[in-house]
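Same chain, two partners: subunit A is paired with subunit B first, then with subunit C.
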Partner chain A sequence: MLFRFMLAVALPGAFALSGFALAADPLPVLVIHGQQFEPRELALLAGTKLKLVVRNRDALPAEFESYDLSREVLVPANSEVTIYVGPLEPGRYQFFNDFNRAMQGTVVAKRN
Partner chain B sequence: MKTNMFFKIMQAGGGRPIGNWFAAVTAALTVVLTHGARADDFIVYSPYVTKGQNEIELRGFTYRDGSADTNGAGGYELAISHAFTSWWKPELYLGRFERNPGATTHLVGYEFENTFQLASAGEFWADPGFLLSYESNKQHGTPDAVEFGPLFEKRSGRIDQRLNLIWEKQVGTGASGKYALRSAYSVNYRINVKFAPGLEAYYRPGDNAYQIGPFLSGELPATAGSEFEYSAGVVFGVNRGAPDQTFVARLEYEFF
Partner chain C sequence: MLATAIIMFREVLEAALIIAIVLGASRGIVGHGRWVAAGVGMGLLGASIVAILAAEISSTFSGNGQAILDAGILLSAVAMLTWHNVWMSAHGRQLAARLSAVGADVQTGRRPLAALLVITLVAVMREGSEAVLFLWAIAAGGGQNVNMVLGGVGGVAAGVLVGFLLYRGLLRIPARHFFSITSWLILLLAAGLAAQAAGFLNQAGLLPALGNTVWNTSHILSQTSLTGQFLHILVGYVARPSGIQLVFYVGTLLTILLLMRSREWRRMTRVRAEEGTPGISD
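Up next is the complex of A and B:
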C-alpha cells in the first residue's frame, strides 16, 4: 500500500520535474546586434528538428534569410521570432540579413 | 522636400538604383489599370504575418479575349493593412473597382480581410495560415459575401510554393446557398531578391474558369526595413469558360 502511495506521488512528481527540465532547456538563440549576427557560427544538433529564436536587438528590422535552411522571416526591430529548422544533415548552412547583405552567418550542424 | 524623399527611396538599398525597376512595375500596373470581374481572384496569399508591419497594396487585372463581352474588362483594388500581432493581419480594401467592356470604371465594393498565421515557419511540412474576409458589395442586387479557407506556403531552398483553398458564401438578401470554391497555386524560383520567375494557376469551378501562366515577382529594397514587392504576369485560359489571356500586376509597399 505504501509502495503504491509512493508510486502515485513519485510518478506525477517525476513527470512534473522532467517537464520542468524540458521547459528550462534553453532554446538556441541567434541575436542581431550592432548590425551583426551573434554568434556568427551557430552550432546546432544535426538529425532533429529544432526551434530557433532569432532576436533582433537593433533599432532596424532585419530579414533572416537562408536558402540552405529554406527559411525567410522578417524580424521587427527590438523583437524576436521563433522558427523551426531541420532535421539537418551534418554540415554548414549559410544565412544572411536580406536588408543588409553584409550581415552573414553560418549554422553548423553536428552529430552529438 | 518631397522630391528628396522620393529620390532617397529610389536610391535606397545600399545605393542601388531601383528607379528603373519601380518605373517598369508602375508602367505594367498602369497598363492593367487603364484597361480595367473580381480583382481578388488573381492573388495567391501568403500565410505569413509580421507583427508591426504595414502594407499598401495596389493590384489589378485586365482580360483579352475573343468575345466582345469579355475583352477589355478588368478591375483593380487598393488596400492597406497593419499586423497587430505576430499571427493576425487585418487588411482593409479601400475600394474595389471594375470596368466592363466599353464602360467606365466604377466602384463595386469594399472588403475587410484577415490573415491568420497558424504556426511558426518550419513547424510543419508546409506553413499554414487562414483567410477570413467580408466583402461589402455596393452594386444593386449583388449580395455581400464571406470568404474563408486555408493558406499554405512551402519553402525549399530557392523555391517557394503557395496554395490557397478559398470558399465564398454569399450573405444577405438574394444570397445563394452555395459555397463556391476557388483555388490558387504559385511556384517561383528566386534567382535573386529582385527576380523570381514562376507560374501561377487559378482553379475556379464556380466560374468554369481554369488558368495558368508565367509570372515574374521580386522585392525592391527601399529605405531600411521597407521594400516594394512586385509581381506581374499573364495567365492563359485552359478551357472555354476562361478568358483567353488575363494580364495581372501587383505592387505592394511594406514598411514598419
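Up next is the complex of A and C:
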C-alpha cells in the first residue's frame, strides 16, 4: 500500500522532472540567413533520435536537403520547420539548400 | 542562369520520366494521351495551390504537414501504379496483339485511365510545387531576373526533352517485349516511390528508421551525380538507405509482383477451363 502510494507520487514527479529537463534542453537549431547556413557545422548527439529546427530568416524559400541524412524539407521564407533526425552513427553528414546549391553545411554526429 | 537551369531541369526531370514511362506503358489504350494531358493540367494547378499554401502546409501537424503531404502523394502514386500494372498483366497480351496486328479489335474491358490521370497529376504536383516556389523566389529576388527566367525556361525544356527521348526510346522496343519491359520499369518506379514515402514518414517521426545507413555506396555512385539521380528516379537508388526504406521497397516490389502473378494465374486457369470443356463432352 505504501509502495503504491509512493509510486503514485513518484511517477508523476519523475515525468514532471523529465518534462522540465526536456523544456530546459533547447532543440538544435539551424538558421538560414543571408543565403548561408548558421552554423556551417552543426554538432549533434549520435545514437539518439532528435528534433532539429530549421529556421529560415531570409525572404526566399529554401529546401533543406541531405542525401546523407535522406532528408528533404521545404522551408518557406521567414518561417521554421521541425524534422526528426537520427539515431545517427558517429560521422559527418552533408546537407545543402536545393534551391541554392552553393549553400552547404555538415552535421557532425558525436558520441557523448 | 546555368544554376537556375540545372535546378529547374532536376525538378522537371522526375515528373517527365514518370509521365514518359506511364504514357509508354499504356500504349494501345484508346484515349490515354487525353487522360495524361488532363493529369498534367490538373497537376500544374495543384502545384500552384501547394506552392501558395506552402507556409500553411509546413506548419500543420506540428511542423510535419509537408512531409506527411509528400508521403501521401507518393503512396497514392504507388497505389495507382500498382493498379495500372496489375491491370496490364491481365490485358497487356491483348494490347501487344493489337499493336502488332493493326486493326484487330480487342475487348479491353475496364481501363486504368483514371490511374493514368492520378499518376500524372501526382508527379506534376509534387515536383511542380517546388519548381513554382523556386521561380517565385527568383521573381521576388529581383536583380538578374531575365537571365534567371531564361535559365528556368531552358531547364524545363531540357527536362521535357529527356522525358520525350525516353518515351521515343520505349516505343522502339518490339511489341512482344514492350509490355513486360514497361511493367518492370513501373514495378521498380513504384518501389522507389514507396521507399521515398517511407523516408518522409521517418522524417516526420511517424516511422522508425530501422537503421539509418544500411549501406553507403555514395563513394561508388553518388546520388548528386547525374547517373545517381537518374537511377534514383527510375529504380529508387539511394546511396545511404535506411532500414525502413528497404522494407518499403522490397514490400512494394513483392506485393505488386504477387498481385500481377495471381492475375495471370487466374486468367490462365480460366483459359484452360474454357479449352477443357469441349474435351469433356467429346
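In this section, the second predicted complex is superposed on the first by the 95 of 112 C-alpha atoms of A that agree within 3 Å, B and C clash if a C-alpha of one lies under 4 Å from a C-alpha of the other, contacts with A are read in each partner's own complex, and residues count from 1 in each chain.
By definition in this document, a residue touches a chain if its C-beta (ideal position, glycine included) is under 8 Å from a C-beta of that chain, and two chains touch if they have at least 3 such contacts.
All values derive from a computational prediction rather than experimental measurement.
Looking at the combined model built on subunit A, do subunit B and subunit C fit side by side or clash?
clash
Should A:V108 be classified as contacting the first partner (subunit B), the second (subunit C), both, or neither?
Neither: A:V108 stays clear of subunit B and subunit C.
A:P61 contacts which: subunit B (first), subunit C (second), both, neither?
Touch partners of A:P61: subunit B and subunit C.
Looking at A:E89 after the superposition, I want to know if it touches subunit B, subunit C, both of them or none. Which is it: first, second, both, neither?
Only subunit C is touched by A:E89; subunit B is not.
In the superposed arrangement, does subunit B or subunit C reach more residues of subunit A?
If we count touched residues of subunit A for both partners, the winner is C.
For A:D98, select first, second, both or neither according to whether it touches subunit B, subunit C, the two together, or no partner.
both
In the superposed arrangement, which partner chain does A:L45 touch: subunit B (first), subunit C (second), both, or neither?
Touch status of A:L45: no partner.
Have a look at where A:V31 lands relative to subunit B and subunit C in the superposition and call it first, second, both or neither.
It touches nothing on subunit B or subunit C.
Across the two complexes, what residues of subunit A are contacted by subunit B and by subunit C?
Comparing the two interfaces on subunit A, one with subunit B and one with subunit C, the shared residues are 49, 51, 60-61, 67-68, 70-74, 76-77, 79, 81-84, 98-101.
Of all residues in subunit A, which touch subunit B in the complex?
Its residues touching subunit B are 49, 51, 60-62, 67-68, 70-74, 76-77, 79, 81-85, 98-101.
Name, in rising order, each residue of subunit C that touches subunit A in their complex.
Answer in residue numbers: 3, 7, 54-55, 58-59, 62-64, 66-67, 130, 133-134, 136-137, 140-141, 199-200, 202-205, 209, 212-213, 218, 222-224, 238-242, 245.
List the residues on subunit B that touch subunit A in their complex, please.
Touching subunit A from subunit B are residues 14, 48, 50-53, 86, 120-123, 155-158, 190, 193, 219, 221, 224-225, 227, 256.
Spell out the residues on subunit A that touch subunit C in their complex, using ranges where they run on.
Within the complex, subunit A contacts subunit C at residues 49, 51, 59-61, 63, 67-77, 79-84, 86-89, 98-102.
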